[in-house]
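Have a look at this one.
Letters A, B, C, D and E mark the chains in the order given here, with residues in each chain numbered from 1 onward.
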Amino acid sequence: MIKCAFYLAPDGKLLDQLGIEQIRNFLATGEGLLWVDIENVTNEDAELLSNVFCFHSLAVADCISKNIHPPKIDDFEDYLFVIVHGINYHIDSEVVETTELSLFMGKNYLVTSHDVPMRSVSSMLDRVRKDGRPMRRGAEFFAHDILDALVDNIMPTIEEMDEKSATIEAEALHEPKRETLISIMQLKRSILALTRVILPQREIMNGLSRGEYALISERTQIYYRNIYDHLVRIEMLTQGLRDMAESVLSTYLSSVSNRMNEVMKMLTLIATIFIPLTFIVGIYGMNFANMPELHWRYGYFSILIAMAVIGISLVVYFRRRRWL
Amino acid sequence: MIKCAFYLAPDGKLLDQLGIEQIRNFLATGEGLLWVDIENVTNEDAELLSNVFCFHSLAVADCISKNIHPPKIDDFEDYLFVIVHGINYHIDSEVVETTELSLFMGKNYLVTSHDVPMRSVSSMLDRVRKDGRPMRRGAEFFAHDILDALVDNIMPTIEEMDEKSATIEAEALHEPKRETLISIMQLKRSILALTRVILPQREIMNGLSRGEYALISERTQIYYRNIYDHLVRIEMLTQGLRDMAESVLSTYLSSVSNRMNEVMKMLTLIATIFIPLTFIVGIYGMNFANMPELHWRYGYFSILIAMAVIGISLVVYFRRRRWL
Amino acid sequence: MIKCAFYLAPDGKLLDQLGIEQIRNFLATGEGLLWVDIENVTNEDAELLSNVFCFHSLAVADCISKNIHPPKIDDFEDYLFVIVHGINYHIDSEVVETTELSLFMGKNYLVTSHDVPMRSVSSMLDRVRKDGRPMRRGAEFFAHDILDALVDNIMPTIEEMDEKSATIEAEALHEPKRETLISIMQLKRSILALTRVILPQREIMNGLSRGEYALISERTQIYYRNIYDHLVRIEMLTQGLRDMAESVLSTYLSSVSNRMNEVMKMLTLIATIFIPLTFIVGIYGMNFANMPELHWRYGYFSILIAMAVIGISLVVYFRRRRWL
Amino acid sequence: MIKCAFYLAPDGKLLDQLGIEQIRNFLATGEGLLWVDIENVTNEDAELLSNVFCFHSLAVADCISKNIHPPKIDDFEDYLFVIVHGINYHIDSEVVETTELSLFMGKNYLVTSHDVPMRSVSSMLDRVRKDGRPMRRGAEFFAHDILDALVDNIMPTIEEMDEKSATIEAEALHEPKRETLISIMQLKRSILALTRVILPQREIMNGLSRGEYALISERTQIYYRNIYDHLVRIEMLTQGLRDMAESVLSTYLSSVSNRMNEVMKMLTLIATIFIPLTFIVGIYGMNFANMPELHWRYGYFSILIAMAVIGISLVVYFRRRRWL
Amino acid sequence: MIKCAFYLAPDGKLLDQLGIEQIRNFLATGEGLLWVDIENVTNEDAELLSNVFCFHSLAVADCISKNIHPPKIDDFEDYLFVIVHGINYHIDSEVVETTELSLFMGKNYLVTSHDVPMRSVSSMLDRVRKDGRPMRRGAEFFAHDILDALVDNIMPTIEEMDEKSATIEAEALHEPKRETLISIMQLKRSILALTRVILPQREIMNGLSRGEYALISERTQIYYRNIYDHLVRIEMLTQGLRDMAESVLSTYLSSVSNRMNEVMKMLTLIATIFIPLTFIVGIYGMNFANMPELHWRYGYFSILIAMAVIGISLVVYFRRRRWL
């Protein structure tokens, strides 16, 4: 479904809501800049891509397929086909998920396609609608602006995960519950999923900034280099998060076992003090005919005192050995 | 055992069930496209491969040997010898197993060989038998179609493993049993086995798509690139599965230990409450002649109340310390 | 905020506290050496960087942004833009943190920018203020001196962490507490954070020492090589620290479990000795009418002796099996 | 000690049991093929190698030293010096050990040296003794045949380890003993030792098959490629074994802890049921003068029934909570 | 402190105990071979290195600094500066430590510097003092001999660690103590420390043997290749040691937990047998007025027999379930 179709004429005039015929005409002129954004691509859009833009059937197939595609870049000489991943803010899942943005970038056009609304694209849409300024510097710059926004939008998620991991750590330390473990596992999986899309994405930006593609002029390369630098930063931060998550997991496991140990120590204390004492009272509960102590005047009281002494000695002994 | 032998003449006529002499003749013309599919290769087939097709003895030996061969590609200039792995849907094992497909690809022929029936080959067989259309674009395209189908057939297994791991995770969390551990171990081993064949397979497709082999024309390379992209996707998904399996294992171990802890806490509760009380009742079971409490009117009732107070205090204390 | 601005004229005269106009003039001459140090950069400084020095807008943006930037080097032909990390001695955190130093190095100027005061820069400031000598060997040497000092200032932190890990190890061995685990985790995270900035920094120095940048003359390269060697040393030491931290963690976990085992052994000793004895005294506490032993003359004493024998035998048995 | 010395003359005549002088003469002709096999090399053999064959002193030193040498290949232009490892079937150890085979390969000779008898060499010896056929295709082919046999002889060990790991897994699951752990550790170490010699060996074969050495003609390279493929297969299988061993170790540890848990649950069941009941009987064993229940007619029977009810309720409760 | 200074004149005459002036003169002739060995370098020696030999100030600084330097090689065209590590036999520590040897190698001189006495250097010193023979083959060979001896001196330490790990394994298996863990940790750290210096050292030898340095003639390269091979062997052995140490750690942890399990089983046995019996004797210790069994003639004996039956049945049941 075409969500928007802009044409910025060489004279700076901006045309909106183009029809397919208009798109075909503007493309043929080879001038100005055309931007078509497709949301939730359908087979009709595939026709536009194949017949009007004449994109390679494999690229079109990748674009309309609902499968997950790792980030990649394909050079078809006349145009570049790029798949990148941003954060999916529209899925309310505990595990961070990424969403794909497909870009076809030619000399005088840019086609973007995505399944769910993307912040980076929609904010660009608003800015273009106002006065078309972001489209004035040509296709390569315009594509850069969208990619830059997409990468920048990853940062808040990183920060969120950072805060979350601090919260989980405190919980793991002071009040480990079964839910804590699930949170740790979800955090770890989010980080790994993020890492997996950021690494190939970084390599794509590296390629774009090193002049591997004829469509990117030397002047623009340094701007792609800047996106690359952002991805390196994100990578460093996710590595830090991964270490944090590992450390939180260790803390959780150790914390759970510490609590268990405390409980066991209490059992031991009670049992080791009262078991011998119970034995002693058992002795004087025996019914032997000839048990002289039983008939002593202060036998009962002596034995109570003796037991108190034994009990206190045991507690002192345990404290000395630091078992309590 | 030759399962099928097709010849698509340059004029578009399709011949089926060729004899060895016919194969030899069509090969000699150097035109059209010949496809021979061998299932469960025997020594007689080896003769066909060595004498009619004149393949190198080492390639023939690899082809007829029943050992496992890692994916590989050998360039014999006149033809390519490729071994790739698909999923073996014919073994009903808990651990995913792969099965080999050997391909000899020449200018005007394709020879496929496999030990068990393969979905990708048999569906192609049905399509060719209808009207020979898949063979019209020549050997390199025809080989691509078979390889593409083989790689696509890996996806359902990935999805199955994904569902299975979700099921196992729920089981590990709520009802960890010894069988759960076995399932986790089998899942991990399946994933690792899959990874081990996908990585070299990806490199083969990379080579085919980068023009390393003279038999693959530039026009076709992008189609092999497409298979490469599919393998990259499968790789990303299996990495996700591996992380999932690791996380499930941690969950299982932690879950088992949590259950044990609950049991131990119950033991501790019962023991720490009743051991002191049993000591007290032991005291008043002693047979000392002089035990004044025994003769108090409400001695018995007082001691019952005292014990109730002690018991309740202990429970309250434990709850406060969050041990229960 | 410009903290200092020096100009060393070709005749060796040193000018301090330059204004923006003076900076612009001295830059235009293309001679002598200009050093501007900016602390806690503001938007006004950005103007100086953009308009007076004419640095690329992306480099200026990196310089004034308060985000974390991984170490990097950008070659703008006329000048190099370098980001390196030193130890942040101004944050009193348990986890070691690094702080950034941005450098713009041209033929006849050096601009340094940092958010917090840095030892390497301020000591250089003092030395320059005295007689300007460090600035006499030109920009590339002067930049080297600052970078060298920055790298050297990492060493005391490494040594501190080394001592700390020895302290923690002793604690883990003799008196493992919950705080010990937290210390180990903080140590590990410090080491990993340090590693993450040192590795790219090393690669920057490697590039500077291998003649990849036209601004660094061959004569100076060996001095950058020397910084590279220092970073290799620091890397080796941090690897040693990482092994140490792993070993301390194992020691801690094993130590905690050893203590628990000791406690459990004590429980077992007490319980296994007294439970059978308590059973025996229970027998003679039964109220059967016909229990001949009860009326034996030395029944009571015999049973006391028998119980002593049983108790001592059990202790001897346990000692033999090395359970105590 | 020279074990055998063959000379196959260009006219196909085979000479056996050559003396040193004969070896020197045949070498000088530069024709035919000479094979000297040395078992358990002595200093006298060193003289043969140094003076008759004129091998470099370092190669001779490596050959006669009894130390372990990792696989390697040295190119001395006139000859290649290769060290490869096979399985040592003559050491009856639980941990698989490898044994070295040193080869000097020249234009018209092959010298093999090993410390213990090797299957691959002795079977070749038998085949040569019959009619000399294996020596007819020249030194490079003859060396290939020996290396191929050596690599093929690794396979049975792999299969043996595979079976062993299945046996150990069953044992770990159903009857974990201390010996099981030792077996797992030995298995892991065997696999790692094997991996360590197979990886460099694979690289040697890769080099031989890629035309890096002038002595290996293009025609023969593909045969060395075949050995390389075998080593890749062995590597894949050992990786599978390694995963298996890891999984067996996890199973063992989990199995041991499961058994312990069962024991602890039994203890908990018995203790939590009888401790409260023992407290109750203790109450009615007290000697208070005024305990009305004691004089009720059915007091005794009521209390027995009450205790039975309590005991059964506890068992039911435990079953409900799945603790039993 | 100069420990020795030899000069071997081109005519084969050996001069000992040279003064600084003599060193300067012999250096100037550019003939013969000069060897200066410095132990525990002081600032005066630095003067010799800087002014007489004219070494680069950075190399001199590295040489006199007491810091740890990772192995490295610097090419100053006229001479090579090499830092390698040997085993420090003079520190009596449980953890293996390495000690540095700095070498300056020129056309006609070799300068060695080390902080503690080194076996490889002092044995060379004795051999030179006798007749100067080791110096006859020139600087590159002489340097090789010292480096070869240094690498060979690592082997005894490897063997020692091998024996030690076998001892520790036996201890871990049969009598795990807290000291065992400390030994394992020290062993692991020694191995890792060794690995860290051997890897860069191997790369240095690789460079020397591949003709990367003009000072090493082609004839000598193969001898450096030999040292490289030794380091590869040492690396393989240390990897084996690392696997061994990992396995010993697992064995230790499992052994400790096995012992604990045995103790717990004993507790369970005693408790589960006597707790029910104690309950029974408690019943007949109750003071109910109406307890018919108490007045049966053989009540006491029947109950004794009943308890014996129950106890034996429990033991049999436990044995059947393999809990004992």
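One rule holds for everything that comes next: a residue touches a chain if its C-beta (ideal position, glycine included) is under 8 Å from a C-beta of that chain, and two chains touch if they have at least 3 such contacts.
Not measured: the values here are computed from a predicted model.
Q: Could you label the chain C-chain E interface same or different, taking same to mean over half of its residue numbers are used by both chains?
A: Chain C and chain E contact each other through largely non-matching residue numbers.
Q: On C-alpha atoms alone, could you tell me the rotation angle mapping chain D onto chain E? Nearest 5 degrees is fine.
A: Rotation angle, to the nearest 5: 70 degrees.
Q: Between chain B and chain D, tell me the centre distance in angstrom, where each centre is the average of that chain's C-alpha atoms.
A: Measuring from centre to centre gives 25 Å for this pair.
Q: Could you state the distance in Å from the CA-based centre of chain B to that of chain C?
A: That pair's centroid distance is 41 Å.
Q: Mind pulling the chain E residues that touch 2 or more other chains?
A: 264, 267, 271, 275, 278, 282, 285-287, 291
Q: Once the touching pairs are worked out, the chains link into a ring; list them from chain C, going toward chain E first.
A: The chains follow each other as C, E, D, B, A, starting at chain C and passing chain E next.
Q: Residue numbers of chain D touching chain B in their complex, please.
A: Result: residues 173, 222-223, 225-226, 229, 232-233, 236-237, 239-240, 243-244, 247, 250-251, 254-255, 257-258, 261, 264-265, 267-268, 271-272, 275-276, 278-279, 282-283, 285-291, 322-323 of chain D touch chain B.
Q: Using the touch definition up top, name the residues of chain E that touch chain C in the complex.
A: Those in contact with chain C are residues 56, 58, 62, 67-70, 72, 74, 175, 178, 181-182, 185, 188-189, 192-193, 196, 249, 253, 256, 260, 262-264, 266-267, 270-271, 274-275, 277-278, 281-282, 284-287, 291, 293-300, 303-304.
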